[in-house]
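The two complexes that follow have subunit A in common; it is paired with subunit B in the first and with subunit C in the second.
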Partner chain A sequence: MDTQSYFPVPPGVGMEENFLSLDDILLSHERLPIRTECTFPRLGFLEKSIPESPGTKMELPLWLTKGLYERKRKVVSVELPKVYKEGWRTVFNADPNVVDLHKMGPYYYGLGSQMLHFDSPENPEIAQTLLQTFIARFRRTMDSSQNAYNEDTSAFVERLDCLEKALFRSGQSGLNGFQSWEKGQASQLTASSLVLNYRKRKITDVQP
Partner chain B sequence: MFCEKAIELIRELHRMSDGQLPAFNEDGLRQVLQEMEALYEQNQSDVNEAKSEGRAKLIPSIKLRHCCLLRNQRCVTAYLYDRLLRIRALRWEYGSVLPANVRFHMCAEELQWFSQYKKSLASFMRSLGGNEGLDITQDMKPPKSLYIEVRCLKDHGEFEIDDGTVILLKKNSQHFLPRWKCEQLIRQGVLEHVVS
Partner chain C sequence: MDASEVEFLAEKEMVKIIPNFSLDKVFLIGGDLGPFNPGLPIDVPVWLALNLKQRQKCRIIPPEWMDVEKLEEMRDLERKEDMFTPVPSPYYMELTKLLLNHASDNIPKADEIRTLVKDIWDTRIAKLRLSADSFISQQEAYAKLDNLTLMEINTIRAFLLDTLNCMYKLRSNLQ
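On to the complex of A and B.
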């Protein structure tokens, strides 16, 4: 198993985001459907997408929605994206394994957990669906990550959400480490993968 | 929408998820800081107006600009911090001397940080194990023998070992060398550990 030296800040768990995590920053860039409840003067001519009149439906990124949202509901009101609504929730409750979670928004679990900040009356059901979906799909993810050695797993992986992909990757690296130990390669010193990658890029860096 | 340039910086780093260091995006950073300055000035004048004339209608816009400022700050901080994590990994993978093409990707402050990190690590290693110190960047995998068989992957010139003998490292030559001398070179891809 190649020793790891680069340890990026991991994404936050549940409703918390990690401030410095690149994954969380990209997650909070996802757009949500919202409705404005007041006017935003002096922004219209700078930024065409912010409307002048209240009650307009538009899409804003999660970070902006979280910042503007207030419980008194004077500024914006958030609608649930369709993946978290009643219709899709029934599909997830019926059989979570057939759904292509990557297509449903690559951050299904992350965005769903963040949606709970917006005090929707359906919050308990959303939370329950997220949890049950994860539990039901976890078995298959773990199973294939621990048993697919040296195979092309792209067909399976492309239907996974980002959280599941990270789990799959760590399962695979564990499997590969174990297999190399079994073969007796664990004591063999190897070049660092980082060094090899730098060398590969060197050729392309010579471009003017 | 605001903060597009900031998210570009983050995407640039996210693309290289294996820990490689891309070139320092000075232009991108400067643009984000300029956007922050512009937002701040607008907010300052709006806040003064809202306070002096009591126009509460401006408050949602002020709030929005403030959110954008916080977002830009978060993106810039995360960008710089993640780069430092990658540079730290370089010390453990490459050793204390970085090749020129990697150094080229770092800005002056990052080079300074790297040399200070090297110093901290060195003084920590000296403080371990009594008077001699302990090199913890060695023996990343538990050693099985004192001497190992290595093959040279490319010309590296002359190499001196502890008892004074000088070995010429030419491509494809094989040698039986002490493990602790070769570990660095193996990690850098100059030598290859041959297991029979």
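On to the complex of A and C.
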């Protein structure tokens, strides 16, 4: 049986993040280019390029930016990273399948959804592009996850975003479960992977 | 759900056997199993049939649909139709595997039957993937799932539900 004993908290896709999800924690470390709108007095020790005057450009991680962002009191204003700007959006609309999403930042969908918090005027287009890219790439992911049994899929998987990788894995597990059942391996008892690591002596090794 | 669990559910189906022992009526929780007389055919659940076969106490008669001509017709019909055709039995894949593994000596042309059933399965799975793809790419709200068996649904369930979840959340970004 394939039941897991450890259920990791999945990332919250969309505008909410799951507090306990490791993927979301790693996602919030991505750096965003921002422009400061007011001074940060005496905070120059935090980062070498920190300004004392407003209107300087620098890069802050997402978690800090989300905390500092406020619509009314303009502390920081966020620029869109390259991948979500007009140029790349047309590339995605043309043919999403050729793009190497892992290189564009391994959390393309996650970061894109978080960017929608920052009230940029291009928000509807960004959301639409995210959705369309996802739908277009879905076909490839489904085909390769459901058909590649016992094959080396690393060349395909490395071009996938983290979200798509999780989908790929669940597709593979469905396929592997069915194939192992068909071969009759499902009813064979095998040592659990957790126990194998203990390296206990087996009875066949002890007996002379 | 595991493939093994679906197989467990499949073992409740009835199949005809010819016992070589005699036994009075047995009263089980699930129902009564009629008196066994040697040489007279009787309907029993698959789990009992397999157990008796392994102890060499019966002979299993293949179900009516497990016949080369009928399966060939079904395979050709499946290939012609776009939608899913009615299945020979809601558990055809599991029954084929169980009966052919344990009782292939009682079933004529076992290998051909195995190949035909695999062909039918492959065609249906391909249709299922096509319809899942069109379901997602056109963002439809519901899909009709006539004549799908539990095993087929089981292989695609985890993947499809995760994808639909992601799509739903990405769509809620639009608001």
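Just so it is clear, the second predicted complex is superposed on the first by the 189 of 208 C-alpha atoms of A that agree within 3 Å, B and C clash if a C-alpha of one lies under 4 Å from a C-alpha of the other, contacts with A are read in each partner's own complex, and residues count from 1 in each chain.
Basically, contacts are C-beta pairs under 8 Å (C-beta built on N, C-alpha and C of every residue); 3 or more make two chains touch, one makes a residue touch a chain.
Remember, it's a predicted structure, so these values are computed and weren't measured experimentally.
S.K.: Would you mind checking whether subunit B and subunit C clash or fit side by side on subunit A after the superposition?
M.R.: fit
S.K.: Taking the superposition as given, does A:91 touch the first partner, subunit B, the second, subunit C, both, or neither?
M.R.: neither
S.K.: What is the contact status of A:135 with respect to subunit B (first) and subunit C (second): first, second, both, or neither?
M.R.: Touch partner of A:135: subunit C, not subunit B.
S.K.: Hey, in the superposed model, what angle do you get at subunit A between subunit B and subunit C, Cα centres, nearest 10 degrees?
M.R.: It works out to roughly 70 degrees.
S.K.: Tell me the contact category for A:186 with respect to subunit B and subunit C: first, second, both or neither.
M.R.: both
S.K.: Taking the superposition on A as described, I'd like to know which of subunit B and subunit C A:64 touches: first, second, both or neither.
M.R.: A:64 sits against subunit B, while subunit C stays out of touch.
S.K.: Classify the contacts of A:173 with the two partner chains as first (subunit B alone), second (subunit C alone), both, or neither.
M.R.: second
S.K.: Now for A:194: first (subunit B), second (subunit C), both, or neither, which partner does it touch?
M.R.: first
S.K.: For the superposed arrangement, tell me the lowest C-alpha distance between subunit B and subunit C in Å.
M.R.: Superposed on chain A, the two chains' closest C-alpha atoms are separated by 7 Å.
S.K.: Would you please give the residues of subunit A that touch subunit B in one complex and also touch subunit C in the other complex?
M.R.: Common to the two interfaces on subunit A: residues 184, 186-187.
S.K.: Per the contact definition, I'd like the list of subunit A residues that touch subunit B in the complex.
M.R.: 3, 5-9, 19-23, 25-26, 29, 38-43, 47, 49-50, 61, 63-64, 67-68, 75, 184-199, 201-202, 205
S.K.: Under the definition above, what is the set of subunit B residues touching subunit A in their complex?
M.R.: Answer in residue numbers: 1-2, 7, 10-11, 13-14, 17-20, 42, 46, 57-58, 60-61, 63-64, 66-68, 70-71, 74-75, 77-78, 81-82, 85-86, 88-90, 92-94, 99, 101-102, 140-144, 148, 182-183, 186-189, 192-193, 195.
S.K.: Touching residues of subunit C toward subunit A in the complex: what are they?
M.R.: Contact set of subunit C toward subunit A: 2-4, 7, 97, 101, 129, 132-133, 136-137, 139, 151, 154-159, 162-163, 165-167, 169-174.
S.K.: Once bound in the complex, which stretches of subunit A touch subunit C?
M.R.: Of all residues in subunit A, those touching subunit C are 1-2, 12-15, 109, 113, 116, 124, 127-128, 130-131, 134-136, 138-139, 142-143, 145-146, 163, 166-167, 170-171, 173-175, 177-178, 180-182, 184, 186-187.
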